[in-house]
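Once you scroll down, you'll see the structures, which are given as structure tokens.
Shared chain: chain A. Partners: chain B in the first complex, chain C in the second.
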Partner chain A sequence: MPRLRSLCRGLALGAGAVLALAGPALAQKSVTIVREVDSNNYDPHKSTARAASEALFMLADTLVSLDYDMATIRPGLATSWAVSDDKKTYTFKLRDDVTFCDGKKMTADDVVYSFKRWLDPATRSPVRWRAGPVDDIVAVDPTTVEYRLKAPFSEMLYQLTQSFAVVVDKSDVEKLGPDFGVKGLNGTGPFCWVDWKPRNEMRMKKNAAYRWGPPIYDNKGPAQVDEIVWKIAPEDNTRLAAIMTGQSQITQYVPYSGMAPIRANRTVKLVESKEAFWTYFIGFKIDKEGVNDPEVRKAMVMAVDQAAIAKNLFFGEVNPAYSYISQDALDWNRKVDAELIRTNVAEANRILDAAGWARGADGFRTKDGRKLSPLLYSFTGSTWQKLSEAVQGDLRKIGVDMRVQLFDATAAWGKMATQEFDAFGMSYPYISAGDALNLYFRSANIPTPNRMNFKEAKVDRLLDAGMTATTDADRAAAYGEVLEDVHRQALWIPLYHEPMKIAVSAKLAPIKAHNNYGCGLYKGLDIRYVQ
Partner chain B sequence: MSAALAPEAPPRARPRKAPRDVLAIAMAVLFGLIVLAAVFAPLLAPLDPYETTPQPFLSPFWGETANAAYPLGTDGQGRDMLSRLLYGTRLTLLIGLASIAIGGVVGIAVGLLAAFYSRLDGVLMRLADIVLSFPSILLGLAFAAVMGPGAPAIVTALAIATIPEIARVTRGSACTVMSQDYVVAGRSLGLRDWDLLTRYVALNCLSAVFVFLTIRFGQVILVAAALSFLGLGARPPAAELGTMASQGRDALFFAPWIATLPCIVIVAIVLAANVLGDALRDRLDPRLRNA
Partner chain C sequence: MTRYILSRLLSAIPVLFGVLLFGFLLLKLTPGDPATVVGGPMATPEVIEAIRREMGLDKPVVWQFLVYVGRVLQGDLGYSLISNTRVLDELSEAFGPTVELMLACLVWSIPLGIGLGTLAAAYRGTLVDRLVIAISVVGVSMPIFFVGLLLVQYVGYYWNLLPFLGRGGPVWTGQGLAHIVLPAVALGVFFIGPVARMTRAACLETFGQDHVRTARAKGVRETRVVLRHVLANAMIPIVTLVGLQIGFLLGGAIVTETIFSWPGVGRLAVGAILSSDLPLAQGAILMLAIGFILTNLAVDLLYAVLDPRLAR
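And then the complex of A and B:
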């Protein structure tokens, strides 16, 4: 058996390595990062893909940066900021030593242009809401920007740490037109755009003038490697092979089955972050027959064994989730901890019996001649295939016949914008409770991303209150109440929180994993060779 | 044919085809067993193939973590591998059979019409050329995109991919038959087209088509498994050999049986179908039979 095992491993590694990443030997100061998917573009205002953010954090900068704790705001391009008493005006003081990759000096006008482009209806940015209820943004002088809001926006500074809020160069945007973020992007980041071959690789080179990195890094100067090459390897085993054979130095997309081999391998280290700000869940469309009954939803949530899923499907590398956001996230309501629905198959069966859903001859439940067989839509690929089968298996134990239909990512988003399904499988990153709740539970966000069709005036009001809160305590109280409400209604089956795990070659110095939008390397300023 | 008609041919030594026959019989037995196992899967399967248990990755009986309740181990969801293999074989064979049956019937009809009515020949064969220019996998991908992944999409794609090939073989065979004296005789007797087609032409070219269908069956199983492997096949939790192999891929490093066992069954089915096809051709093809 061990021989067979090593043969399989050898074959898989060999095949993967030869197929995917055969290329010229890497220069010592070049780092190759493999990842699973590419973005459709790298225009900060036009993509919500994590793949885009990963590159944008390195190519450009934000006014403020986010600390590793995901809660503390640190300086970025702005050295300081002041918030007016009514919390409607943010005044940012900018550094005056910042230059773009082409050598041009960055001024307040560039900042204003970037934000206005983000807000411009013509840009049709899917993340426009993240900029808040803007009244106007003005450049007071070359190093001062005033960000004026119509109403307080408690998430403001957190949203400004996201890759959507990076500063771009007006002349570059105008010169490239529709090719902006496709053929180039002139940013102020620690790395500069070299070229991008979609679905293949993106190259970026060190910005030698860079001195304005976030204070969370010990390195106060430019990046410590000359070049970063982002390569795409959709196949799990190919990425594993690449990192284990040294063809790639970093990947945060390690298949869970590969964690054990990586831990046993001395040439690769696994960097892990305890915090997990990426959550996998199944949401119910709560106006569809069957799942419109809160008791049915509660029983279904109760039937799912998250601990077994985390242990058996993901080798114990993920954290079983009973809450809709990480309990470490900003503004999580500790009161909800005790109310979270835990796995209890016997109780789930009792709830369904009491609710009048009787088991038929086939073991599945019916009520008034209707069978309890909700239809789940989700994505193809091993993760959702495994997850949906596991949930399906758990639900069989309480007599629920969940039907599963998985779609390729190109079709899935469209399918999940329809009203055809009863439940949907999804995963998402967030910075805070407010970030997550405003996205999914606002009635204005029906049909997507509020695919639950969840509409509650009280929740909308609380979300507004949280968003416009002027103190941290008010904001936490408002969001805390929403958290209580949505968890009590069993709108989702939370599955697991995914902690950041990055495989890094032992030839590189240790790096610290960040969780900002799931981009573990953030600015990449701590990437350097030690061997 | 020429050997049979040549009276002066020297008497041959006893033909040495025994080993081939043995292989064919062995494969026939294997194939029969696989089909029986698939047909009686609900009776033979020791456990519910969909029942998940908290015991994933148990090894088969020869491994370190074997458990007598699961003779071939369990998969990543703790489901019994033996039961899933039986049900998987059933679904895989069913997909193959349905594709071949639909593709075969339509293909034979198209081939016969093309051979019989020369006016239709050009149109039908060009249509066949068009379909032939799409690889089966691509057709499968297209149908899965339109119909949604699942067995019906695969069967449709494979049936359509089978039609032109069968039509070609049938047409070739039928054209030869059409030039035979008995067909000319039938025509001069004033037989209707339908009788001529069904009683004279069709029956005389069926053997060649049947051989081709048997060999095609192996190919269809392979393509169906490949499509399922790509995630376009059976929907979860249905057991299908290609899907099972695909799911086992993640665990290849430490639980290789999850991917390899379904692959072994696929190889066995395809090998048996191909050897049987060859043997059938040997039996049915008069040229080879009399050699």
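And then the complex of A and C:
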């Protein structure tokens, strides 16, 4: 018995020692942010992943910044800018107090180099088009950059707020070669690159010299925490438990099932923005049999119960979508509001009956011996699995037998560049109507990202008109007309708009959620401990 | 003994070749496209095709395999498509945490399994025996991911006792020790059952043997009889089982590392496969297979130590 007692005592002491050693999980000025997936790399011109933009906004800066309203352009590295009368030349006046993380002064040459690298075909940037129809970019003097276009580009300033347009250091890019954005990145942002362990974590430390934060922040710099650690936790429950136990201080990747416990937990706050600039949808390949009939597409859109999807699959945490972009987005056409297709199963059935699609003995519709059985391609993972099952179920109510094939993200993009499918499911971030419409509805973008094979001369003309508009009103009018046209043709089934929701430890001061490219923390200048 | 070791090492060569071939073909059959990884999601089909040519993916599979084997023989596992670092460097960085996790799991689960099994054998047919069998059944029946999630939910979240997010540093530091406890427990629960049951069966068999009866007749204390005469002679089947189970443990480590965000080879392999990082995935599979082969080799050598007749 005495032996047993001493053994128990030993075990208790051991456990106590482990717990004591565990101590506070983090240094006071270090913030751990958990997220679900990592980026493939952090080269601003090569990665389109949201995970890359999240870090790049903190590691580097853009000439202009975006306000929380996702519409107002604010200064960034440029204190001011002037646009020529023909809207083809933008002259940016740069701050002269900006330095890179290594202490080197940033000049107009760095800005020119960054943009030219973005445009260089050798860079193979998938987002080259976002830089606009560039004629030339020149450094007029160390603090002045002239951005000359071949034609006006009304989206210009908005595109320059994106992480693809951050200023990089030429010598750093040349020194690191293919390791640029992998082993390092010398930026001018509020945080500096420390190291990146792919699929595990990225560390960044405070840039002590930083004083040039965007005006939307009260704190223009330096950052108020010493270190940020981005940790990858693929498991939903692990992320949720990590934020609720203080092992992580911030995450915007909260599983929807975890929103209620977070709201009920006093140690965590949920920061929400009313804007939702990330939309989930199913697009139709409109030259494929069956879905080439606008009436069939309209009936399918009508059959889907977006409100039920939002409520039942996502616990009411997302906004049911009837429009292809958020109705709060810049240049949204209010006239389209009344024309949006709403859920109406009876009407959907009537439309299909009228179009000659008759129900067979199995409940599915056929016409001229062909079954209405479109094939959907989308992504593996719980979100699209749930969504495709829900849509499949809704479509069965009107006699449509939607077949579903889901692929891993790395394979899905390749599969969706083919002509094998009738419909595809995906989601996308955007800043404005023009940003979304030019990407998906331009005929020049067939077969990808215009996976619908949508080709309409009028729409192309309007998109050109919107892109080259010289006034806000002209741009809004052109894009507004495109919005009317594409919604009328029922090219997509909008599913939901995803609002930004960030779980933040109560030990941190309140932050305001941004929506730029779905990066809720944006520059991270408001992250600070209060406890 | 040297000849025995050499023969075991030589027999591992065809196995390794099989692993190389199997790993290569398996990843060829998965739907991921490495060219898409390099090109990014917005790359046009023309760009993807150009990348495919650049990477030699347009060449016949046999040619690709031969090139791969040639490179592996020179110790070159290629570069990760994601991080652009040498696969060997990434693997060696992840190898330490996986070994650390496995050792942390074995260090408590094997003694506990053997202890419980011996106890059950010594008290055969009693409540203790039934309790040990029940514990074994529960341990074997619960999938690792379930145990892992339970630990995260209760020990990590509700009771907030121990960290569960990633590795806290080397295991000899406070943070490192605290971070390894839950993953090691999750992995070890699966180990206790089979070890306890095998120990119990082996001990029961040995209990009836002449040398044990003789020892008892000579008046040797029961504890010494169990430890020195029963357990020592029951070790060969236990070691065999432990060796086999370590192989399964490598599989279990993949799940455990994912749940606890542990930066080991298992998680690296999963991430590489999911992101179509072909060179890294192939390297990780190769490393896990080598780990399995080496474990089996070590078990074979241990037999020779435990029973020198086997090495003759």
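Structural remarks
We adopt the following convention: the second predicted complex is superposed on the first by the 507 of 531 C-alpha atoms of A that agree within 3 Å, B and C clash if a C-alpha of one lies under 4 Å from a C-alpha of the other, contacts with A are read in each partner's own complex, and residues count from 1 in each chain.
To be clear about the criterion, a residue touches a chain if its C-beta (ideal position, glycine included) is under 8 Å from a C-beta of that chain, and two chains touch if they have at least 3 such contacts.
Just so it is clear, the structure is predicted and the values come from calculations on it, not from any experiment.
Of the two partner chains placed around the shared chain by superposition, chain C is the only one that A:P449 touches, whereas chain B remains out of contact.
In the superposition on chain A, A:A417 makes contact with chain C only, while chain B stays out of contact range.
With both structures placed on the common chain, the touch criterion links A:S171 to neither chain B nor chain C.
By the touch criterion defined above, A:L313 reaches chain B but does not reach chain C. By the document's definition of touching, neither partner reaches A:S80: not chain B, not chain C.
Residue contacts after overlaying the shared chain place A:N237 against chain B and chain C alike. Using the contact criterion defined above for the overlaid structures, shared-chain residue A:L406 touches chain B, although it does not reach chain C. When the two complexes are overlaid on their common chain A, residue A:P255 makes contact with chain B while staying clear of chain C.
For chain A, the partner with contacts to more residues, out of chain B and chain C, is C. When the two complexes are overlaid on their common chain A, residue A:R396 makes contact with chain B while staying clear of chain C. Shared contact residues of chain A with chain B and chain C: 237, 407-408, 411. Of all residues in chain A, only 18-23, 25, 32, 34, 38, 40-41, 46-48, 124, 126-127, 178-179, 182-183, 196-201, 231-235, 237-238, 241-242, 244-248, 407-411, 413-415, 417, 447-449 touch chain C in the complex they form. Interface residues of chain A, counted against chain B in their complex, comprise 1, 4-5, 8-9, 12, 236-237, 255-258, 260-261, 305, 308, 312-313, 380-382, 385-386, 388-390, 392-394, 396, 403-408, 411. In the complex of the two chains, the chain C residues touching chain A come out as 30-33, 35-37, 39-45, 47-48, 80-85, 90, 93, 149, 152-153, 156-157, 160-166, 168, 173-175, 177-179, 181, 258-261, 263, 267-268, 271, 274-276. Residues 50-52, 54, 56-57, 59, 62-64, 76-79, 145, 148-149, 231, 235-237, 246-247, 249-254, 256 of chain B are the ones that touch chain A when the two sit in their complex.
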